[in-house]
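You will see subunit A twice below: alongside subunit B first, and alongside subunit C after that.
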Partner chain A sequence: MVKKMSVSSIKINIGKQFSRFPAGRYIADGPGSGEQFREQILIPALRSSGVVEIELDDALGYGSSFLEEAFGGVVRGGSFGAKDLHAKLCLLSEDDSLVREVWEYIDEAAR
Partner chain B sequence: MRRPGDLVPSLIEIACSMDWMKLVELLVTWALVVAGWLVVRAQAMHVESVRLGMSEISALRAEVRRIEAEAVCFHTKEFDAVLQRDLLGSMKRVARDCKSLQSCGWLQEDWSRFVVDFRRSVTLSNWSKASFVLRSIDSEEVKEISDSAAALDRFLADTSAKLLTRKKPLWGLLLGEIRG
Partner chain C sequence: MESKDRKTLALVRNRSRRSERRKAVKRLREARRQVAWLLSGSFGAPLRAPEEIAVERGTSHTELCEFLAELRNRALSAPNSSLVVDFRRTRRIAPGGMLLLYSELQRIRAAFASLAFRCVPSRDDVVNQVLEHLGVFALMGRHGVAAPQREDVVRWRKLSGTTVDSEAYGPLIEMQEELSTPLAKQLFRGVAEATTNVIHHADSRNRGDGIPAPGENKWWMFLRQEESMLYVGVCDLGIGIPKSLPARYPGEILGAILESIGGGSNDGAMIRGAFELARTRTNQSERGKGLPDVRRVVDSVSGSKLFVLSNRGILQYGSGEFDYGNRRKSIMGTLIVWQLPLDGEKDVG
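Then we have the complex of A and B:
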């Protein structure tokens, strides 16, 4: 599901490798949820690699609940701190508001 | 042989007759004519660009109002997966349009704060089918959607007003025209 870029870098394209329509907060909400993305893709990638690049543009759109659960949930669950994510996570998108929103959820979860 | 209506001597004629003063006079006259034409043309293009920018912003404001109405409908009626998908696509387009306005120079201030707040108000809570609850029209969630849409609309309206009053200096117009 994830593409290894080099020894310490992994690139994840959410729209192509996870779901074209990522939606919902919890796994119980159905396929393509934030919790599913976090547990099955994001956290394993963060554990196995130094840098994780997330390509956001190929999905049809993102609900804030998905983004909050997927990214804020990493910090809330205690897997990684906000500082770790700032060092390891690289968000790629043409949409500045999307990148801004994800970092807000990460930083809010750390408070 | 010069024709009766041909009052202005040609550049070559003057150059050949070595009448330097007349040559300089003619060159200065033509330089002023060309510069004037460039300024008028650049000014017209600037006005046209402002008009186009305002029309794009106006279309975006209408789109924000449409999304707001659909979002209120989504939260106050039975869960509608098609509408949900449509809303996500529309939100993505709003961000894309803001980015496009920014790259054209029509949107110079940070727009992302307003788009984030708008998306959050619509899609952060009560967005999943499993936990969806019908909201009343006077609920806090619906009020939040209206507030964030109004804030984005105000921001776009202010941008449009600034666009109208924005002046481009003469040298900027000339330079832009010369650079093409």
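Then we have the complex of A and C:
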């Protein structure tokens, strides 16, 4: 589901490789949830690669619950710290407020 | 054409018209007979549906809530008998009220398989078209009462789910050609959070209406375009925000928030408090961040409004202002309606 760019870099396009309609917090909420994305795609990518680029713009939209669980949940679950994510994660979107929002969830989860 | 042929043709046409007329009269008599039979008392006294199936105004809200309460009571008291709903005086159906009625009928239908619904159609053809199109007549054992033809009737979409199920409503939102991509994204966000909230917090098992509880929380959704206005509604029949909020937040935090918005703890204030809690993020929990998403789409479209009804409370949001209060009766659940003028979009990029 992920496209390898080089040995240490992976690019993930959420809308094309995960779901055009990502929504919900937990796997029990239904397909396309934040937890599903985190556990099946994001964390494996973070573990296998030095840099993970996330393309956000090809999904129709993101609810807060999805974003918080997908990204904040990485820190809360103890897989990676906020500092690690700032070093490894590169968020790509034409909507700057969306990128800021994701970083807020990551930083809040670390508090 | 010979004069004799013309006479023959006219004769055939007249016979055909007379035959059609006779069939129409027969159909009308049959329909009248059926109505008389349904109203004869053989199935108990018919339950009269309100004149307006709507929730915006206080009087229509009260009438609809009383009607729904009576519907539940009758289903509960005689679950193996027939229940006749009389729509004859219903003249107007609004999306929010209809979503509530539709959800309640589906819940009762699912809980009481032996209950035989019957209905008497409205005298208004548009009302009948809506009831036919949404499957309300079919649910009540009537088919083909009206032929849905009007553009604003046939474009009325409905969905329901027991998971967030964004694969169902996402494409529906995308199909609305009049919505720009940024606005469709914001609406999707609002609906995604509304349905997520239902799955997490509706707690339908503790609704307290006596109706056998469903195993899962369920949401119902309508999407209707009426001229240049888009109505989108999400409804659940759970415990409501005023009951779920105290269970989710410590008393001192909730108390401080209610105090900050001017005090009061009625249902309307609790809905307003839920928005304030989400905005200030007073709670340190990762949850409870979804309500700003519900509101955000309204900030993107001039002249748009958001209505949130929960139990007896009602909140209206538009142009950055909240207005909230209490109604006389409870809807016993939560109903969110976005009203978006399709020509009022601001720059939401």
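Here is the rule we use: the second predicted complex is superposed on the first by the 111 of 111 C-alpha atoms of A that agree within 3 Å, B and C clash if a C-alpha of one lies under 4 Å from a C-alpha of the other, contacts with A are read in each partner's own complex, and residues count from 1 in each chain.
Just so we're on the same page, contacts are C-beta pairs under 8 Å (C-beta built on N, C-alpha and C of every residue); 3 or more make two chains touch, one makes a residue touch a chain.
This is a predicted model, so every value here is computed, not measured.
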Subunit C versus subunit B on the shared subunit A, clash or fit after superposition: clash
Touching partner for A:65 - first (subunit B), second (subunit C), both, neither: both
Per-residue contact with subunit A, leading partner among subunit C and subunit B: C
Partner chain(s) touched by A:109 [first = subunit B, second = subunit C, both, neither]: second
Touching partner for A:13 - first (subunit B), second (subunit C), both, neither: neither
Partner chain(s) touched by A:25 [first = subunit B, second = subunit C, both, neither]: both
First, second, both or neither for A:97, with subunit B first and subunit C second: first
Contacts of A:36 with subunit B and subunit C, given as first, second, both or neither: neither
Contacts of A:76 with subunit B and subunit C, given as first, second, both or neither: second
Shared subunit A contacts, counted only where both subunit B and subunit C touch the same residue: 21, 23-25, 28-30, 33, 60-65, 68, 95
Contact set on subunit A toward subunit B in their complex: 21, 23-26, 28-30, 33, 60-65, 68, 94-98, 100-101, 104
Residues of subunit C that touch subunit A when the two form their complex: 161, 163-167, 169-171, 173-174, 184-189, 192-193, 195-196, 199-200, 284, 286-287, 289-290, 292-293, 349
Subunit A-facing residues of subunit B, complex: 84-85, 87-89, 91-92, 95-96, 98-99, 111-113, 115-116, 119-120, 122-125, 127-131
Footprint of subunit C on subunit A - complex, ascending: 19-25, 28-33, 60-66, 68-69, 72-73, 76, 95, 105, 108-109, 111
